């Protein structure tokens, strides 16, 4: 017993030593280090996946063209599995082990919010790819983000509802971070638009059937249904609504702005309205629109390599390009300078719209950059 | 209101029958080896993904499903041969960890083969809802319910009337004695893992049109199936089916009548209370230690 | 030897799912006796023992021990009152050493609780030493000193049976119930059991013995109770039992 | 008392590791997480490995501790230590009330019941937005203070985690060598045998359930301050299952096994991340292979492996 014990301790020690020596290999300098942590596995993996592919694709392209200010870009990437604790660990590693110059990422709002304290403390520019308004409101010195906020999505939807004269709506949302945060915005903003929530239902994001909740909604006196969620659940909600023969107009959030959703929901998706980044309707933009060319550029490049685009990959493109632009301008990798330059970004045409950052706005998108789209014959169409 | 309650009931029964079908797979493996197979949900996922893949190759639906079931059955057999059987002398807990490892492995396999996206599958016979007393039901639901009924009947026949089925049951009652009277216990294990995987695959192919499928969707389905099996009394096929139906109805009733945010919590509270009153599930045999 | 009844059982009844296992059995055990319960297979001997020790709940009837009613007590309470037992199929703790097994037997004599054990307060330290001592003594008493350091899992059946006796003795019982101590033992081992039981009795412990081995029973018992199909067939001293016609018929017929 | 010698060696090694590997982020970041997991594994092992019960709600108790500190310090501005005590109290009460009815269950039914309890608590973390802030979690949790000393930074937290691990190991070793510890092991090997030896098994099982739940809660309270941010997915069923895997992979019923399992499974993804999409595949295979080739767990398995090599070497010398 005693002998075994000592041997095991020795084994433990050897194991530790091996582990530690492997982990302390450091990379060559002179590179501009871009750090990123994304949800490559876990429930948000279908968002994290296009994000990573986009970053890899563009960094390769930039490097082929000679890099930024003559220096190559190097990507340091960790998977957080959608877990906030893993995200904070990843960010610590990015800062202290890899010593990156700027951090992009945070696929979900949860993982992004989780690392805010660290990036603020360590003073490193951080551009999130997640939706929640909490990330940039109140403004934090080192934190930026590229997607539209959930608040904007709700405002866009409520504006459209107001235009169509809906005052009583039913809300159904999932139990994830995106869903709950959107739900909170709906509840908070409804009175401002003269809207009453006559029904407020929830489902689990891995549920397979929502007819019970929708049956309840059916007997509430609503004029329209709003579903706040992402992943497969909104597609099931859409199909269940058709199954129950509910004729009310259906609104979805920007969380489903992908071709995948259209594929899943099939014919049932026709007539759905949702706010979306202009990327998915790039072809329909007026030729005079400054966004059209860069959007189509991204679209052709991504689709040539990886298939269907999604707005999520677009958020990664925006984040990377904003960082690159700032670094180009400062001609250094001084973190404080990069941060200042990001805050100065003006008229940058990204996939989500025209970015105009400022000291009070660390997202820089106007509500007008969001497009209200309707599904017509299985495709997106801009609602004028 | 009455009409609503009827719809909740119908919803509960349709969702419940998918739980029941998954629970049956648990029961089968549990019966022979007393192992709770944590990879059962992954069999369901693999079956669905394989069916979607085959039908994507322009195969007729029926053939795609059959091929998916055969493939998953084969995977189940390989799993038994190369993992469970190899772990001779391992305790029950170690075996359960092996099934947990397998569930992660199968998820990883599906991820590599079919990617991270959620995939859809065609409904077997259209999507036009059938109206019945003010409630609606999809043709696919009828497929699920009737095939669950068929599987239960076939299994009941298999275990009570065929020699092979009786031999499997014998292993579950007394492993050593079965060996002594010349039953090939290893073969029985292989067969039950195979059948279990096959039933899982069938469940997956049936559910996929309604709930879609992705590489990580099996875990939650497996969990619900496990709940159903426990609720009915572990090891009892009939109990599993009833457990599944009850679980489905409780879930849909709670989300319809009480609170949809806490529906899973309410279902679990009911399950806990039931176990406090009946520690062996609804139809389980009481366990008594012989001294 | 005196005439005080240490245990009195009255009209005990136990059914299993409608099948009667014990029906209306009454008896008394006198202090300092060796009291044997015999009967053919399935007569309900072990069931009766399980009822006396609280392992089975009794359906009706009463059990008094040292004047107190214990009919509805859980096993641990009965054990703490001074009734200990061994098992026909063994209840050895397989993941422990022989010494630890017997130390578990001393549980009722200790007082340290969960919290004091966690922090190993001085009283735990002292108690540990004492318990170890008691356990070693009990092993010595049963002639098992050589096995102290062995793991229980690797030992032969005969040794395990004696370890169970040692474990029971370690709790200083007033009444020790032995459930078929000779079952599965060879002749030599059985004959070694005889002096041990006598030695136990001589220390003043009352012994209840459930046994098949007639030679052993007749040699060691002061009183014998015969069960058949869950009912009392006869009661008396060994000589009376040997001559009882019903008993002979039951054994030959059974 | 042999165990004591090993314990001191272990404690010393743990505390001097950062002096040998200075500025190792693997040690202070992953290592700290591994030690937190080790604390959970050690406490779970008391309940499962020693007493032979099953629990799939350990992560939930960990979560109650974490949430208690997060909520009380941010919303109500309590002192962190008072919040910790509140967390212990809440966990203690919940586990105490539920211990008796739940522990009446056996085997798979017990697993199901604890799994259900864990899920119910997790749903509360997700859905009770007004208290727990929902899935987005709670941020801005203040630093822990020892009097005037502010506990922050990875290295400091490494030491905190080490001390907690050493403390928990010490408690478990003590318990093992005592009357109560033996009674626990007796329950594991045979409940009837334990009962007739005078052990009130129902009470003891309940006591240990409460104790281990509170140990998890204490670790959770500290975690909240270490992270400064917590959210529900750190305390879900998946994590409970992972803890179970740790103690079985390490070796059920062995304290150092649990430690080993926790360190192994926490650092494994670190090396597997190179496999990218194949990571899960490899991770699953490693779990399966470990159980096939070392059914008794890594602790026993590796010990045997080294003893084997040592024996061969000795033979060669002769």
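Going in written order, the chains are labelled A, B, C and D, and every chain counts its residues from 1.
Here, a residue touches a chain if its C-beta (ideal position, glycine included) is under 8 Å from a C-beta of that chain, and two chains touch if they have at least 3 such contacts.
Since the structure is predicted, the reported quantities are computational estimates derived from the model, not experimental observations.
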| item | value |
| --- | --- |
| Chain located farthest away, centre of subunit B as origin (C-alpha) | C |
| Middle chain, criterion being Cα centroid separation | D |
| Pair joined by the larger number of C-beta contacts - A-D, A-B | A-D |
| Interchain centroid distance [CA atoms averaged], subunit A/subunit D, Å | 34 |
| Between subunit A and subunit B, centroid-to-centroid distance (C-alpha), Å | 35 |
| Centre-of-Cα separation between subunit C and subunit A, whole angstrom | 71 |
| Centroid distance [mean C-alpha coordinates] between subunit D and subunit C, Å | 41 |
| Shared interface positions of subunit A, touching two or more other chains | 175, 202 |
| Where subunit B touches two or more other chains, by residue | 261, 264, 291 |
| Touching two or more other chains - residue numbers and ranges from subunit D | 127, 192, 279-280 |
| Subunit B residues within the subunit A interface of the complex | 1, 4, 7-8, 11-12, 14-15, 18, 115-118, 120, 127, 129, 136, 138, 207, 210-212, 214, 216-217, 220-221, 251-253, 255-256, 259-261, 263-264 |
| Of all residues in subunit B, those that touch subunit D in their complex | 30, 36, 38, 83, 86-87, 89-91, 93-98, 100-109, 111-112, 223, 226-227, 230, 234, 261-262, 264-265, 268-269, 271-272, 275-276, 279-281, 284, 287, 289, 291 |
| Subunit C residues touching subunit D - in the complex, by the definition given at the top | 53-55, 74-80, 84-85, 87, 91-96, 100, 103-108, 110, 112-114, 117-120, 124, 127-128, 131, 167, 171 |
| Subunit A residues touching subunit D - in the complex, by the definition given at the top | 1-13, 15-16, 19-20, 22-24, 40-41, 78-79, 82-85, 88-89, 92-93, 96-97, 109-110, 113-114, 116-118, 132, 134, 175-177, 179-181, 184, 202 |
| Complex interface listing, subunit A residues touching subunit B | 42-43, 45-46, 49, 175, 201-204, 206, 208-209, 211-213, 215-216, 218-219, 231-232, 235-236, 239, 242-245, 260, 263-264, 266 |
